[in-house]
Every structure is written in C-alpha cells, then in structure tokens.
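Note that chain A is present in both complexes that follow, paired respectively with chain B and with chain C.
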Partner chain A sequence: MAVTEKNNTTLSALMAASLALPALGGAAQAAEPATDVSASYHFSHYHENSVPSSKLARGGSERYTVKTHQVDLKAPFLFTDSDIELALQHETMSGASPWYIEPDLNGKPVVVMSGATSSQSKRLINEERNSIQSKLNLYRGPHRLSLTSGYSKEKDYRSIQAGLEVAKEFNQGMTTLEAGAGFTNNTLNPTDAKKYQRKSRYHNHETSLYGGLTQILNRHSLLQLSVNYSQENGFLSDPYKFVYLGTKLAPDSRPERRRKFALLSRYRYYIEPLDAAVHVDYRFFRDSWGIHSNTLKLAWHQTLSHGWKITPSIRYYDQSQADFYLPFSYIGPPSNLYSSDYRLSPFGSISGGLRIDKTFGGWQFALMYEYYRSGARYSLNHVDVEDPALVDFQVLSASINYSFGQ
Partner chain B sequence: MECTTHKFHAMGTHCQLFLYANDSSQGEALIIQAEAEIRRLEAKYTRYQENSETSRINRSAGQVAGIRVDAETAALLDYAATAYLQSDGLFDITSGVLRNAWRFEQTTLPDSDVINHLLTRVGWHRLQWESPHLTLPLVGMELDFGGVVKEYAVDAVVAICRDQGCRHGLLDMGGDIGVIGPHPDGSPWRVGIRTPWDPDRAKAIIELSAGGLATSGDYERYTEIDGVRYGHILNPKTGWPVQSMVSVSVQAPRCIIAGTASTIGMLNGIKQGKQWLAELGLPYLCINRDGSLAGSFSTDS
Partner chain C sequence: MKAIITILLGTLLLSACTTVEPWERGILARDDMALDFDASMSGLQQQVYISKEAASGSAGLGGGGCGCN
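Up next is the complex of A and B:
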C-alpha cells in the first residue's frame, strides 16, 4: 500500500505531545523547577589588541585586559515548585582606554590614550568589579514567575537592579509567551572629578520592557521572537572622555535621555542525520541617538561521540553613528552635544568563535575562544572617517559545571 | 567497538539492551542508568503497587477536589489526551476497568449488563484534566498507563544513551523497540516480526537505523468462546474485543508514537485500521488472519 500523508495532522499532534515528555528532553522543562543542585564556575580572559602606532598620538598602546571569575548556582528553593539561581562575579580590569581623539599634522584622527599625562596616571587602570545577581523562579502549572535582582560595585560605580518576568506555556508546551520589566539605578563617582571637570557624583536609571514568543515549529525547528524597549535617563556621558574642539578639550557630552528598541529573532534547526543543529540569530536595534545596527550570528552545533560537542560560529555586526558623534573638530562644536567615543562611531565588525563541550557523567566542561575585529572596512555603509580607537579583541574562556544528584 | 548485551525483566516483559559503548566503563554506566530509568518508571506507573502514582490517581476517583500531578505525569496525560482525540476516542487510558468483564481464562461471554455498567466508568471525556490538576469524578474510574509507559521508557532510555554520547545500540522491551543508532559500520538493525503460530521464526524482517518500532496484537492473549476468538484489545466505546488483524507493527520517530499508532490501527479493525495507518503516513506492517502481510514496509520475508 502506498504511503500517503493525508493524515499528517495526527502524526504532528502525537509528535508534539511526545516532545513535551520530560525524559525525552521535552519542552516541558521551561515550566519545570530545578530538582537538583547544579553549580558552575566560569573564567574568561578578555584581551584588547594594542593600538597600532599609526593610530596612536600619545599614551601607552596597551588597552584593556579583563579577567572574569563567575560562580553560578541553581537549586530548588524553600517552597515546592520553585528554584533559585545565583551568580557571583569578580572582575579585574587593567590597562588603558581611549581618552580623546585629535588630528595629526595631516588632519588624520589619532587617539590619545588615558595615562598619556602624569595627571592621568591614575587612569592607567587597575580596577575591580564585584557583582551578585539572583533570580527566584516560581512555577505553577504552565506558568512561571521570576523575580530578579542584582547589585554591582566598582570603585567609581554602583548599580542596583530589579526585575520581574512572567512566562506561560500553551499548546502542550509548544508555545511559550514571556514578558518582563526591569529597573536599574546607577550611581557614578568619578575619580579625580575636578581634573576631569566633573562633579563628584552622577546618577542615571534605566527602565526596560520586553515581550517574547517561543514557538516549537516541529520536532526539528524552533523560532524565538522578542521585542525589547528601554529608556535611560540621567547622566549618560562618559566622565573620563573628552572631545578635541580645536581650542579646548571639552568633556564628553551626551543627551540625558536615550530610548532603545531592539527586535531579536532566533531560529534553531536540528539536522537529524548529522546530529547537528544550526542556529541563526538576527538582531535589529535602533535608538533615539540615531544609532541603528544589525547583528547576524550563525552557529553550527555538532554533536560528536564520547560526549563531545563542537560549535563553530561567526557573527557580523554593523552600526551607524550617533547623531552627535564627532571624532574631533578644529572649530567649536555644532551643538552642545558631542562625543568621540568609538562605540558611537560608524563601523562594522566580524568575529569568529569556537566552542568545545565535553559531558562526562554529571560534569560538563566547555572551552571557548572568540576573535573580534572591527573597523570601517567591515561596514555595509560608507564611512567618512574611521575612528582610530576601534578595537580588536580576543576572549578565551573556560567553564565547568556539575549537577549533583545525577 | 564491541556490542554489550544486557538482559533483564521489567514491566512484565523481557528487556534486551544492545550497546556499542566507547569503553566498558561507559557501557556499564549506561546499562545501570537504563535499567534504573525503566525501574523508576515501572515503580511510578504500575497498577500493582499501592504507593505508585497510578494507584494514587486511582484512589482519588470520586473525590470532587481531585489531585495535582507532577510534570512528567502531566506530560503523559497530555499525550494520552492527544491520542484520544486523534483516534476519535478509541485510544483511551480509562478503558482498563473493562478488564473486569473480560477475564481471558473464562469460557462464557460476559453479561451485557456488566459491560454496560463498566462503560459508565470509561471515557477520557469523563475526566477533568486541567494540567496539573486531575479529577476522576466517579468512584470506580481508573487510569492505566500500561498503553504508553513501556514505550515512553524505551524512548527515555534512548535519550539517556544518546545524551551521553552513545550512538550505536538498540533497546527491545518485549517487542517495543527503540534505536539509539545503527551498528558502528552504519548498517541497520534487523528486527524480526514474529507470527503467532510460529514464534521462533520471523515472518518479516524490518531494518531500523533510528526511531522506534512497536507491535500491537492479540495473538498472545485471547480466549475462544463458542468457536469465536476474543482478543484482549477492547473497544472503549462498546466494551467488546475488536475483531482485527493478528498484529500491527508501526515504525515511528519515537517508540511511544509507534505504540500509539499500532494500538489505534488494531482498534480500528481490519479494514478501517489499514486505512487509518495508510493515512497516518508512517511505515507499518499488518499480519492478517490468513498469515498474509499488508502494509507499507519493504520487508524480507
């Protein structure tokens, strides 16, 4: 008898229902409290390449190196149907950062690094940051409610955050809707405030909202869509940066409000014969400062035998400049807003990464490497003046995770 | 790589796990975990133990307040609800109470009043199921996960083995089969479908490299009354055994789906059953009463 596919809705319905079965790695996990304690340690070493001598005016060519240690814990919580996640982070930063940009004798922009003058020497930074974040998840049937909070402290910076998330599964776990809101309050206490023509204390805060949809399309593919909106208010300038305005150096001056909008889509496709999955992520972003950006990330997750997995990935990013971005000016500024921060300049970037995972009993190990390059040459659009402070970096990280009770 | 075989008895049937492990310690670890998972599910869903989840559910029959079930049971109930809906009410995990009328050692037909009384306690539609809250509103109602749990256990073991990097192996739980992956040289497993009258000889050989295979049939348990053969597969709508094929085997991406499809194929009877299976689109094989084969499998017989 010939095989027909007329009754395929029956098969899809059974397939969908079987996918939700937990022992088969089902989607039901989204609304499932942790029953085991799991702990992980993550270390990463982020290293920015030196500024090439052709782009350096003064100061050391060394840029930032950041070492991060993070411990994550996840455990069932006091009440039934709840769990708690904790993340503790300790970061040390050393090196120097771009201070301002000036023209060289030919009018070509070159970067002056912090630490270029003796009064600046304290900005040859050796800093540390400590943070703690927690998330309490409460589950009831297909619903999840999460409360998040966080605290982060640096010598000259303090941040407190709180948030709320709700999620609901429909359709036997095939569809998940999520919504959330968050609030962050930041206090800045610039060191050497007077030398930088700054006050000793500034504040800003950010309110964010997001909504998301996850849809399991079939047993091979999944689509996630989310929309984020946030608004920052307060002092949003960089207290340690200046702009070269011909006759004087003026402190970085940005608007006191920034509205940001982002649209994210994630698609995952499992290729059964190869035991591999393709991940395609795309992000569109725009803000009230005039920046719009596109990010495309492709990753190939290949499962191998003996509990090994290897994931090569590539990421492309492109952004337009902020309206008030100004590398430097020979005459006064066109308005009272200006910044020469390379992160507000027009550029493109490309990065490649490789991740290796190994599972062994209740243990999981991972090793990751990423190499990132940015510049005008990677931009989709024509860039008049490339910011000389655009950075190239590499990150090497490793993590180890253990689930108790396996 | 060498093939390790582990044989044991669980869920009322013979189980055989064939594994090609990377080394003997991995093989041993997988065997222990596989058997533990099967025993966990057996203990949780058996009807024969007071403290099982199934017994707890069945004890709640008649309680208006109902009970709350855990996520795994909820997913199984959701699955059963889907199977009920997709089979137009033939696949029904509430039909177990009908066993009280059909004891397969009996020599006379049951009284139709008994069947009719039992039928008032049968029917998924009589349950109140609002995940994770379940109510069996009538005293005497029962759930029986027997029709899904063995197949689910097969899939669970396949998932455990694959999660730990094992890519070659097969689990057979009394004819419910899950494939972890083909032999290391890429060749498929060859699984025999037995005939009732010649159990030592395979009637057909089915080649499997992935997914699951399940067979539903009434050749193992039946009774003959006044020259008529009554199998153990009962129609939950009439309360009577269905007159169907000798057996139906279905291959599916998962054993649980193969099991559900083969059961629904049987429940639909000889003609409609084949039509339903053909429309489902999964490879299947029926053994007819006269010993002939029908279906969409390419087989060596």
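Up next is the complex of A and C:
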C-alpha cells in the first residue's frame, strides 16, 4: 500500500511537472496557445558608416539612418485554444543611398550618391514607413493552424501579404512537421518617375512555400531543418538606380522573374555545467539570378545570476554576384539586363553582436548592439572588383516586455 | 564547404536521437533553447539583412516587403 501510494505520488508529480512545462518556443513547434496577455516595445537605431572619400565620386558621404519603433501584442483569442499576435511598426528613414558607379581617372570604380547634383536633391531620402502584421494561431491537439497577414506603406511603396501555416507534432511530441504558403503583392510609385526614366506605377508579387522538420535529439539538444522556395514576378528593378555605360546613364534593368531557394538548419544545445545555450544557424541560398550564398550565425546565451543574461554572437555571410551585375561599362552592356546595385555584387560580411537581458517579475528588458562590416576581403571567392558602395553599419536596439499573467 | 556541412548535419542527425519523455523536456523548454529566442528582435534583424544582402529566406513565412534602399 505504501509502495502504491509512493508510486502514485511520483506519477502525479511527474504529470504535474510535464503539464507545468511551458510549450517549446520557436516557429516550428505546434506548441500551445498563450494563456496570458503580453506586450512589448522595441526600438532600433540603424546607422550606416559614411562612404570613404577614396570611394566617393560625387554627392554627400553620409548614408542611411533608420529609426524603428515596434509594438507587439500577444493574447488569447475569442475561441478556446487560440491566440493572436499583432505587430505595429513605424520607421523613419533619412540620408542618401548609392545612385550609380563610375570609373575615376585611373579606371577605379567610385560611387555617385543620390543628391549628387542640385536637380537630384529630392533623392536625399527622408520618409517613413508604417506596417501592421497579424498572426492568428488555432491549436487542436498536436495540430496548429496559423493565418498571417500584413500591410506596409511608404510614400512610394505599398505591400500586402497573407499566408497560411500548419504544424503537427509526431512521435510523442519529439518531432514536429511544419509547412506554409504565403503571397505578397507590392506596388511601387517611384518619386520623380519621369526624371528617372520610369513609369509612375509598377507591380510585382511573390509566392513563397516552405516546409520544416524539428527534432528533439536528446534532453539537451534539438535540431530544425527547413526549406524555403519563393518566386517573384513583375518589376524587380530598382527604380532609383542607374548604370554608367560610357556615354550615357541607363536605368537599372533586372529580369522580371526570380526564383529563390534556401535550405536552413538551426541547432540548439544546452551546456548544463555552464548554464549556457549554444545556437548554431546555417543557411544555404541560391537563386535564378546566379547568386549563391552561405550564412552562418553562432550565439552563446549565458545565464547569470539575479535574472541577468548576456549573449555574444557572430555572423558570417557570403554571396556571389548576380549574372547581370555590371559596376560600369565603357562600351555598353553585354545584354539588356544590367545593374550596378552593390547588393548584387560579390562580397562577404562579418558582424558581431552583444545582447544583455534582465528579467524580474513579469518584466524583461533587453539591450543589443551589432556592428556589421562588408567587403571583398570577407568573400569566400576571389573578387575581381570590389563594389565601392558596400556598406558597414551598426545597430543599437532596446526592448521592454511585460507579461500580465506573472 | 558543402561536404563539411553535410557531414556536420549528418552527424548531428545520427547522434543518439534518444526518446525524451515530456517531463524530461524542462531544458528544451527554456527561453534560451527556443528556435526564435526573440522573434521580434530577430524580425528586425532580418529586415536589415534582407535590405542589404541578396539572399533571403527564413524558417517560416517572411513579413511584407519594403522599398528598401
């Protein structure tokens, strides 16, 4: 009898412990609905370093600064076993961006920034963007169904997005399969369209599909593998960029279709003696424009005493150039497709970040800093000509989160 | 590079996929073991990378687009 009572007590304790466990976090687990309302505010200050004088042909050397405010809300929804997430974002953007590349007297590429001439002064960007994103999650046993939607508006750009995600747990919750599909429709209304040899309105749209598998490996580690495929159609050129073709400047001209494929893996491992978690994220990417890329991010989440936590991280990125990337040409383009956009050039980048978290009661504060450097010297492959517009930037972010149930 | 990654992933997958009972998942349920430790911050970071790099794609559906310069 005593043995039976002890067994029952142990079983009850185990069951209580398992029920008390919070749902596994992350996008790919079916998880459980939120039971409490939580709200958070995020602020981010993004600042690009000035263009070095040795790489600048004309225009101001100051580049882009973006300030982002975001408010998130998550709460149980009307139905049982459901919750809703809302994200409201407001951004202000100011500064100048690369306009085109031209050769200097020695044939070395130098960048001409927007606002380089008085007639282009309006290209000194000073605008704002507002967006709203929502996600409704419905849970039924090992299944989760999510409906996503989003709307983003700038003076010259509007984006509408909708998506559907499903997830199911298998193997006693050890394995989760997830799949999703999304559609985004974008409208561009270029400012000073005639001056930039553009129409007043363009459209493009993107269809995305993804699938993922998350596997618990043991008590201390889990792994997620996922694939992502998307296709963009429509006007995909940058309406404000030109290419220097010797005797003339030609508007940026890209294919009207782009197929993108990404393979991602995310690994989490907890080191019990150190009370620390290691995160390893890797992504392989390639697209129909001839670009292939590798991204590796490592983060060390170190828990300290009294609710403090510190997280150093490092990220490496590498990409090859698009087939039609052309910094400049003296004699004219080899085809009717060409772009001097530095984002389509071959380069690598490395960034380091540090995040500090403090938690007490239902409050959580976070402060994060990241410094990003890019260039041909970081590339995995040999780069003949480094694009002079490649950017270095830093981001300072802060957030405050409150959970009303704690 | 691809071979190293394949070997790494294969090793991880093959390394003892032991059964973990629900009451043994306390560590896996920690905040710092989440696949998206801070989804909002991660989203803001992704927004920056997407506007400065050619590659994109994350585990899940991305947000709406932007006319990023």
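Following the convention adopted for this analysis, the second predicted complex is superposed on the first by the 376 of 406 C-alpha atoms of A that agree within 3 Å, B and C clash if a C-alpha of one lies under 4 Å from a C-alpha of the other, contacts with A are read in each partner's own complex, and residues count from 1 in each chain.
The rule is short, and it goes like this: a residue touches a chain if its C-beta (ideal position, glycine included) is under 8 Å from a C-beta of that chain, and two chains touch if they have at least 3 such contacts.
All values derive from a computational prediction rather than experimental measurement.
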Practice item. Go through the superposed model and pick first if A:Ala262 touches only chain B, second if only chain C, both, or neither. Key: second
Review point. Should A:Pro109 be classified as contacting the first partner (chain B), the second (chain C), both, or neither?
Key: neither
Practice item. Scan A:Pro327 for contacts with chain B and chain C and give back first, second, both or neither. Key: neither
Practice item. State whether A:Glu272 touches chain B only (first), chain C only (second), both chains, or neither. Key: both
Practice item. For A:Pro142, decide between first (touching chain B), second (touching chain C), both and neither. Key: first
Exercise for review: State whether A:Gly361 touches chain B only (first), chain C only (second), both chains, or neither.
Suggested key: first
Practice item. Return first, second, both or neither, reflecting whether A:Trp308 touches chain B, chain C, both chains, or no partner chain. Key: first
**Study point:** First (chain B), second (chain C), both or neither touched by A:Gly59
**Key:** neither
Review point. Is A:Asp156 in contact with chain B, with chain C, with both, or with neither (first, second, both, neither)?
Key: second
**Study point:** Per-residue touch tally on chain A - higher for chain B or for chain C
**Key:** C
Review point. Can you list the residues of chain A that touch chain B in one structure and chain C in the other?
Key: 14-15, 17-18, 21-26, 28, 172-173, 219, 272, 303
Review point. For chain C, which residues count as touching chain A in their complex?
Key: 1-2, 5, 9, 12-13, 15-41, 43-45, 48-49, 52-67, 69
**Study point:** Residues on chain A engaged by chain C in the complex (per definition of touch)
**Key:** 14-15, 17-18, 21-29, 40, 42, 44, 46, 64, 68, 70, 72, 87, 93, 97, 125, 129, 131, 133, 148, 150-152, 154, 156-157, 159-161, 163, 165, 172-174, 178, 180-182, 184, 186, 188, 206, 208, 210, 212, 214-220, 222-226, 228, 230, 240, 260-262, 264-268, 270, 272, 277, 279, 282-285, 287, 289, 291, 293-295, 299, 301, 303, 309, 311, 317, 319, 322, 343-344, 349, 366, 368, 370, 372, 374, 380, 391, 393, 395, 397, 399
Revision key, fill the gap. So, in the complex, the side of chain A touching chain B is made of residues 1-8, 10-11, 13-18, 20-26, 28, 31-32, 141-142, 172-173, 219, 272, 275, 303-308, 359, 361
Point to revise | In the complex, chain B residues that touch chain A | key: 22, 29, 37, 41, 71-72, 74-76, 78-79, 81-83, 85-86, 131-133, 152, 155-156, 159-160, 163-167, 210, 253-254, 256-257, 260-261, 274, 276, 278-283, 294-296
